[in-house]
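The chains carry the letters A, B and C, assigned in the order they are written, with residues numbered from 1 in each.
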Amino acid sequence: MTAQTVKKVPLLRGKTIVNLFFEASTRTRTTFELAAKRLSADVLNINVTQSSAVKGETLLDTLRNLEAMHIDMFVVRHADSGAAHFIANNAAPHISVINAGDGRHSHPTQAMLDMFTIRRVKGPDFGRLRVAIVGDILHSRVARSQIHALNLLHTGEVRIVAPKTLIPVDAKSLGAHVFHDLHAGIRDVDVVIMLRLQRERMQGALLPSEYYELFGLTEEKLALASPDVTVMHPGPINRGVEMDSEVADGPRSVILEQVTHGIAVRMAVMSMAMRTTAGAQETEQRKEPLPGKGEAAE
Amino acid sequence: MTAQTVKKVPLLRGKTIVNLFFEASTRTRTTFELAAKRLSADVLNINVTQSSAVKGETLLDTLRNLEAMHIDMFVVRHADSGAAHFIANNAAPHISVINAGDGRHSHPTQAMLDMFTIRRVKGPDFGRLRVAIVGDILHSRVARSQIHALNLLHTGEVRIVAPKTLIPVDAKSLGAHVFHDLHAGIRDVDVVIMLRLQRERMQGALLPSEYYELFGLTEEKLALASPDVTVMHPGPINRGVEMDSEVADGPRSVILEQVTHGIAVRMAVMSMAMRTTAGAQETEQRKEPLPGKGEAAE
Amino acid sequence: MTAQTVKKVPLLRGKTIVNLFFEASTRTRTTFELAAKRLSADVLNINVTQSSAVKGETLLDTLRNLEAMHIDMFVVRHADSGAAHFIANNAAPHISVINAGDGRHSHPTQAMLDMFTIRRVKGPDFGRLRVAIVGDILHSRVARSQIHALNLLHTGEVRIVAPKTLIPVDAKSLGAHVFHDLHAGIRDVDVVIMLRLQRERMQGALLPSEYYELFGLTEEKLALASPDVTVMHPGPINRGVEMDSEVADGPRSVILEQVTHGIAVRMAVMSMAMRTTAGAQETEQRKEPLPGKGEAAE
């Protein structure tokens, strides 16, 4: 029981963090808000409704206004790929921007907490691991960030397992082996990451029951994997669709550990990002007397 | 003027309290949020919309996820009777669960603040008191908790006063005398508690004007009660339906004192519940070396 | 870059401030919430939906209830002129009430931050300044408060510039010169304040494109003003309607400075109002033994 050892730390006391959510997500917003409060920061939640059609120019004005209020950090969630990057490119250099999910593009803190979880269970050597990511790869920013992170960490083998309609056309260039059959895809893997089936994105594709039949994780299918296989899921689970409850709640599942690590990793990202931008700025200021330096401080 | 003496206390500093509201209630949420902030806790408000049909299993997953984020306490409001109890039974032992109203079942902190208010006005001897609860007993979790608390405190006489259609069939087993006439029901009582008329639950029953005619509290009817009768209401009042403004704002009304006590009682409940679960856990841990002990720590 | 010098101050530690918004405004709510948090106060956001038809009596009950919870300050936004004043007249004397915009009547903190901004740019002598306010004067509480403030500060000349349909009938009594032509209206002015076009209030009036043609601020029209003219706007800007981006982002624009000053001015107003009511109360208490004093402490 580690709950009692959680302490609030004063690392970001006096800092103001804005959760700038252009796409509603109570769950993700909650984890960032909690992480920020445990770092003693002040948090403002701003939900920019999709309906008030946010155009490039208006987004910049929103940004400039919040900057003028001396915000220190934006946590950005947006339905468009590249939104956080666009904001980071246009924000003042002393402001930190954290991507909390942008379109189909990426969800870096989710991938970081997943890597942290794998490392805690399997140890630091990713080179000896086979990892399978199963589900709707096509629409999943989580999958893209996971594949990127697993390759950065020189994972032995990265597999993606999905029906043909849910695999991106550039799948091979992602740096992963493609499987269309779950039995083959999870054979001998050390880690299996099940993605959430986003029902609203499945028009014309498989029904949940068909999906479960082909790609749902059961104890029986899991027996094909390595004996000490670890089961992960970014949550929330559709029980009986992506996996059986027996698997979700079983001894190989680290799904709740992922949630716990999610807070810790976001606290780490927030405090490191804040120090990095402060450091970059200091460096930049010290550099100013020196001529001819062209590096971006970002 | 006691407002200046209110101080923030550090009793729950570093603790995280989640207002887990499955049923919207700005008023109740506000009182708990305020109580938590005055105890220096961090508060997260999570409104689980009724529309996203929360099934038993999904509720458990929501709970497990919040537990994994190292939440210390849940304040639960739910339209289903037993929801808070279900959550308490399924939460980890170090987590405190406070019922902020469940279906028609109970609303314990409301009853506690009402008892506290009666005690402040009438003194500690409930045995000499006649208390009448007037209104829609059938649908009222507040009434159920009040009757329970009044009986626990050995109140001299507990009366419920309502039209036949708004009295539960098991009324007598509740431990209260049933009256269908307000004049008889409030004769000689020391305390009269008026319930809020929930208009949305009155389909096919009395119109507000009919209700007022029969069960609305006026100065004239109040003259039948004890000369020093105290008038209470859990709020918000429908003026001109449950009671005249003359009564609501008159010298016998302690309705605003109830609100003030509501914050104090919720602060007390929160800090005592937090210490109780911490204590239970410590006790449990110390007990572990001893064999054969079967008590639940809960 | 002054962001690093922003510090949280403990001036209102232990105080509870309620943002009581009867009219939705994320932007204004955010500035007050941020100001309150930087003063270390606890903040509760209460959005009273317009739909739950707030009648005079109910508003008073809402007020009494929040008072009973020992709130120290209300920040009130309401669609009806006079709402904040009504609340201030009816609140207990130790409670501070800040008007965050009431109907068409006034928006005092906006006018204060605008005056502060003008003073920072132009210096303390308002007597030598010509200031033009351009746009929908008729519906604008901002304009009314600005005109009032500019006259209080003995501004050399105050002009309002708008189409005839957007000028109030009592325009002259406001203490401003009326212009219906932008070219004439901004000639030789030192400060031009562009108002936001509230599209929802323009039924039957000008189209945005027509408005821009006649009253939109361009570099060309701005050349008619004083060479060191300052351009202001309360935000958010409709680019291409009230002004060109060239003007909004140009060297004469202090629009983002207004936002920064908005936090500082609201912090000042909040801490001074809290001290004023505390002081008034102290004074009042000391006065009590003295007979015959009739001043209102307000």
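Observations on the model:
Note that a contact is a pair of C-beta atoms (placed from the backbone, for glycine too) under 8 Å apart; a residue touches a chain by one contact, two chains touch by 3 or more.
Everything numeric here is computed off the predicted structure, so don't read it as measured data.
Superposition angle, chain A onto chain C, using Cα atoms only: 120 degrees, a multiple of 5 between 0 and 180. Both chain A and chain B derive from one sequence, and where they touch, under half of the residue numbers involved are common to the two copies. For this pair, chain A with chain B, the centres built from the Cα atoms lie 41 Å apart.
The multi-chain contact residues of chain B, meaning those touching 2 or more other chains, do not exist; every residue touches at most one other chain. For chain B in complex with chain C, the residues that touch the partner chain are 1-4, 6-8, 26-27, 30-31, 33-34, 37-38, 235-237, 239, 245, 256-257, 259-260, 262-263. Partner chain C is touched in their complex by these residues of chain A: 13-14, 16, 42, 44, 46, 57-58, 61-62, 64-65, 67-70, 72, 92, 94-95, 278, 281.
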